[in-house]
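Order as written gives the chain letters A, B, C, D, E and F; numbering starts at 1 within each chain.
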Amino acid sequence: MNVMLRPSVPDVPAYAPNGNECALFETAWTRQLPLLLKGPTGCGKTRFVAHMAAKLGLPLTTVSCHDDLTAADLTGRYLLKGGDTVWSDGPLTRAVRDGGICYLDEVVEARKDVAVVLHPLTDDRRILPLERTGEELAAPVSFMLVVSYNPGYQNLLKALKPSTRQRFVAIEFDFLPREREIEVVSAESGLDAAGVAPLVDLARRLRALKGVDLEEGVSTRLLVYCASLIDAGLPVREAVRSAMIEPLTDEPDVRAALIELTGSILR
Amino acid sequence: MNVMLRPSVPDVPAYAPNGNECALFETAWTRQLPLLLKGPTGCGKTRFVAHMAAKLGLPLTTVSCHDDLTAADLTGRYLLKGGDTVWSDGPLTRAVRDGGICYLDEVVEARKDVAVVLHPLTDDRRILPLERTGEELAAPVSFMLVVSYNPGYQNLLKALKPSTRQRFVAIEFDFLPREREIEVVSAESGLDAAGVAPLVDLARRLRALKGVDLEEGVSTRLLVYCASLIDAGLPVREAVRSAMIEPLTDEPDVRAALIELTGSILR
Amino acid sequence: MNVMLRPSVPDVPAYAPNGNECALFETAWTRQLPLLLKGPTGCGKTRFVAHMAAKLGLPLTTVSCHDDLTAADLTGRYLLKGGDTVWSDGPLTRAVRDGGICYLDEVVEARKDVAVVLHPLTDDRRILPLERTGEELAAPVSFMLVVSYNPGYQNLLKALKPSTRQRFVAIEFDFLPREREIEVVSAESGLDAAGVAPLVDLARRLRALKGVDLEEGVSTRLLVYCASLIDAGLPVREAVRSAMIEPLTDEPDVRAALIELTGSILR
Amino acid sequence: MNVMLRPSVPDVPAYAPNGNECALFETAWTRQLPLLLKGPTGCGKTRFVAHMAAKLGLPLTTVSCHDDLTAADLTGRYLLKGGDTVWSDGPLTRAVRDGGICYLDEVVEARKDVAVVLHPLTDDRRILPLERTGEELAAPVSFMLVVSYNPGYQNLLKALKPSTRQRFVAIEFDFLPREREIEVVSAESGLDAAGVAPLVDLARRLRALKGVDLEEGVSTRLLVYCASLIDAGLPVREAVRSAMIEPLTDEPDVRAALIELTGSILR
Amino acid sequence: MNVMLRPSVPDVPAYAPNGNECALFETAWTRQLPLLLKGPTGCGKTRFVAHMAAKLGLPLTTVSCHDDLTAADLTGRYLLKGGDTVWSDGPLTRAVRDGGICYLDEVVEARKDVAVVLHPLTDDRRILPLERTGEELAAPVSFMLVVSYNPGYQNLLKALKPSTRQRFVAIEFDFLPREREIEVVSAESGLDAAGVAPLVDLARRLRALKGVDLEEGVSTRLLVYCASLIDAGLPVREAVRSAMIEPLTDEPDVRAALIELTGSILR
Amino acid sequence: MNVMLRPSVPDVPAYAPNGNECALFETAWTRQLPLLLKGPTGCGKTRFVAHMAAKLGLPLTTVSCHDDLTAADLTGRYLLKGGDTVWSDGPLTRAVRDGGICYLDEVVEARKDVAVVLHPLTDDRRILPLERTGEELAAPVSFMLVVSYNPGYQNLLKALKPSTRQRFVAIEFDFLPREREIEVVSAESGLDAAGVAPLVDLARRLRALKGVDLEEGVSTRLLVYCASLIDAGLPVREAVRSAMIEPLTDEPDVRAALIELTGSILR
């Protein structure tokens, strides 16, 4: 059983660029423009931001957005301390005070007030007004706002309003090309390329079913899980079933079809 | 009247494996992969987790999820203590600090923000950011997240998002095969196998009606209840009615049909 | 004018069994199985539980569930006391600590989180985890959970989930047979059996209209009210109108039909 | 200009009985049965309760129920006092402690949890359990619960559940007969019977339109307002328009029709 | 550029009566009857109440009602002061204690519990029960409750219930007749009658479109704005567009039609 | 790589008028009339207000409205300080106390109670009643309220009520004419007019697709972003894709069409 390989440079998480995204990120940062990352689940958006933050030597604050995340969760709130109410900065406020990258993952999931709190930070004012304290923070030159979302299953209630979208330079992400994905999965899981290749081929076939039988294609992350289980000694088909089929569907018919497809591809 | 038999090994709850689930659980734990258990009510998912935790010598934290369970219920909240607000860890936070297995039962029932709180814990970062305290906890090697749900009656509003599902290795559970189920029910209830066999046969007939007349099949748990009542001296048909029919339906027609079916099977 | 007759044995509320319910309750208690009582309004479920608790010499905690009853109302919450937050047990927690019967009347009315809080108490673990305090209470041998609901007007939003139902042994209740009901109403109201008999006959006719013109049949409780008013000197028809017709319907047509029906039965 | 006539007996509000309601109320009180008053707006239900309370020499607590009235508003809550939380009785709890009549006006408007809080008070237990303090109050012999609602515009969401309705003896109210209403309006407004009679005739015509063009008929209260304005010197038609037409409808067509109807009746 | 003319009598706001509303208001006040004002936006209801309050020498409390206004906002609530909770009167409670007029503008906008809080104040009891403090305030003779709403765009969810409406004497308001409106707009804006007349004519044409192309007609207030801009030197058509067209519609087609209509009327 | 040009006059943000909006703003301010700005996203409404405030020498308070913004967020609330509750002014209250311009951006997004809180400030009373403190603030002569919204995607739930709209003088905004927009984008981005012109032409073509394929046209802000990326050295087509296409749409078909359109216009 092998130990999972981790990137050799300790401070910069490994990232395999797929186009001009690194140059674009860096230019946006230089020009103080906010950035929007679009793309499917598990294709590396979070890793990309971690990579760029490390490369540019900037602190990174990541906030996973969700249905109940409000503006106050980002900006801060008053807490009781010894009978007094004391203001406590939220993660966005801390990032604006200290500089660096603030990354709001799946921003469309957050409550509507979050999107609008971002407005004064994402036009030429670059300020964060804290209505509750009466402060108005000017973002330092090193501050950059990055947000992401998955257009694959956003719905009408959860779309970004044009008045918010039009405040960002945007990059579309997609899965890696075949050879690059084999390399990445092999490096992350410890399984050799020969073992990984048929898994990637299977994933590419499954991704083609998105929107037909599957809500979403297999992510690179699941490929890493699968290769990792195989590398640890689990039979290939059991690993594929647990890491690439069961996480995709609960429908008995679809599952049966995927298992059959698996059988035809893996030997 | 007999005393109910309990498993003889004091520390490891009895569990009868039905496939490769024990190996898969152990590999997922070794490789630090989160696990998703899918399956119908009362088929032994909770028992399986308790069994594996004891076998691996890991502490187990179980949280029954429900409609009003929020991220803060899992991560913690500020409480007033002597005029001050003091942070109080939730069960997930305690599990991340101390290591061991954290099991979220019926995770789809929880509020949406819970699923997203799990994201940074279920990718290669394995961290739990506590936005309200500003802490970022790194999960120790021994920490493992296990979640479960019942695909049988999840609805659109309650489905796991692909961006969450694709963070887990998954195992599908089903009821035990006939002979294994007779063994288990007999051991748990104290009723001998000859008494249990017709009950299991009846249960298997009732399970075939799922989706037609019944929302859900008879669980192994109800079989244990029924055998337990019979073992305590209650007439068989009264025990079957109270433990295997009334808990399944309120419809007079369906109930009458089930009673008739019972009559034809139990002598 | 007579004084209302109360049961002669001071500590055990009078209860007239209608089947095997007393044996079943006692067996469930011995075997530590939770119990579900199903049946229409006012047929004696609450009285039955009080009767069994007294007979078994167990303390009884009754909670009337409603739309806004949450898990915290049952388990407890933190209160401010002299600047500190002090935990205050809810009725379920007190019952688990002290043993005895905890009866949740009309459990489907409660918020969804209540049903799921009951799960660890109703499988072989028999524990009550208090997430907010970090405690995990093991129920003593004498603890028994009893819940009830009225399948007559439960709706889709308010049905018990199979994963909850399948944790209970269940008993179906119905109205008493004619002679038993006459006895009970006479004993409770003070009116002699000859006066009560036509009221019971009328009630049985009205119950047959349930689902056609009436949402619910006349309860035994309303029969007791009606007999009580007559016993106090009110004319029979006025008592019937106030205690057996007006509480059932607001529809002028239905009311007129019921009054006519009354006229044809009561002399 | 006349001074408005008030009832001559200082302590007992004037009430003109319309049937057996006084006897029924008194019997219900003697037999400790809870009472439900049904009837249209402004027909005297509130006055009737005040009359009976004074006649029986009982203190009266009246609570106007509304959409946001919760069980806690009736039973009480904890308040902060000098750093401590101190329990403060709600109006229902005070009435149960002190005895007398507690009148919940328009009970169907209240939140669902209120109806269920009433259950243990309205069966043979006659107790008020205060879950938050752990107390269980036994209602004294003099305590009586009276509730009212208007079946005229209750909707599905606001109907009383059968399990609640069947806990009350019920009285239906309607408008007074012509001669009695003339007497009452004249006494309350100061306008002589000759002036009041055509107003009452008009009101009876308008009440016949209920459900056709009007949501609700003219109440006796509006008749008193109208007679009062006329008695104070306002022209009859202006008074009728302001007190009997404008409060009934905003529809121009309906208003025009009512004005024409008025013209044909009032000379 | 002229200074805007304000009414010459300092304490009584100018008001041009349009019918019997002043006599009716005064009679209602004398007879202690509550008053309901109905009418379109900007037709002078608020000004009328201010005028009558000043004329009768009564203090005036005005509350603009809105979706989130609760009974507690009107009656008062407990506040923390030095560790204790201290009761703080709301505006309605202050008005009941001190006497004078309490005017609830757009009362249908408020939460449902507000309407019902008004009930005991608007029948012959004239009391304000403060459930939270246990007080019951009797309104002094000088107290009068006035409420208003705009029947033009009330919807089903926001209608006053009959049980509330039938507690008020009601006055319907409409726009002023042509000559009176010219006078008022000229006095308020400083623009002479010759300049105002065509604006009033245009407004009367636009009001005729209500319900066809426009949700609501031009208010007298907008006419004053428009005349004020012209009086300050802005070209007539620019003033009309900014003060009488843009505030009415966002539809390009409707706007174009209104501009054309304007051109045909203004020279 | 050039440094981004910022306006040369330090205190007055650059603004290129497109009609009579500056005169209208100034007249409205002189006459103490509130102002409503309507127009699409990113066309310069916020900049216009900043420009006018600086030109008139008035302090400016800007509040970005959102779904959860309540009246209390604008007016203020009580906070705990050393055990006491202390009133803390909100931004609107501060602006009314101190004078100057208060600008509520996207006012339709706010909760309904905000619109109604504005009523007494936007008629001839010009007062801000603080119900919670019992204060009534008179706005000083220098106070002006400005609100904005985007009629392009307001929906029925979010429309301003006529009773609110008719309290404002309104100005409609649109995108700048071609030559003016080239000037502005060039000045803001540092890219010369020859480089900017084809971008503006492309934007004008894309704006024509609004309502057909695109929810909203390209804003001037996105044009500045795009020119800024090109000025920093990024290839033109990559800059256009990231700043003018990806922020507009997630639809693969629409994106492909826009890329093709781009190719045909940019050489």
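The rule is simple: contacts are C-beta pairs under 8 Å (C-beta built on N, C-alpha and C of every residue); 3 or more make two chains touch, one makes a residue touch a chain.
Each chain and its UniProt protein: A, B, C, D, E, F = Nitric oxide reductase NorQ protein.
As the structure is a computational prediction, the values presented were derived from the model and not from experiment.
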item	value
Chain E reached from chain B - shortest hop count over touching chains	3
Partner chains shared by chain B and chain C (touch criterion as defined above)	none
Fraction-based call for chain B against chain A, same above half, different below	different
Superposition rotation for chain D onto chain E, Cα-based, multiple of 5°	60
Relative to chain A, chain with the most remote C-alpha centre	D
Most remote chain, CA-based centroid, reference being chain B	E
Length of the line joining the C-alpha centres of chain C and chain D, rounded to whole Å	30
Whole-Å separation of chain centres (CA-atom averages), chain A against chain C	53
Between chain A and chain D, centroid-to-centroid distance (C-alpha), Å	61
Multi-partner residues of chain C (at least 2 other chains)	80, 83
Pairwise touch network: line, ring, star, complete, or other	ring
Chain A - residues contacting chain F, complex	20, 23-24, 27-28, 30-31, 33, 36, 38, 70-71, 78, 80, 83-85, 111-113, 115-117, 119-120, 123-124, 129, 131, 134, 151, 154, 161-163, 165-172
Chain B partner contacts - residues on chain A that touch it in the complex	1, 4, 41-42, 46-47, 62-69, 73, 79-83, 90-91, 94, 105-106, 109, 150, 152-153, 188, 215-216, 218-219, 221-222, 225, 228-229, 232-234, 238, 242-243, 246-248, 250
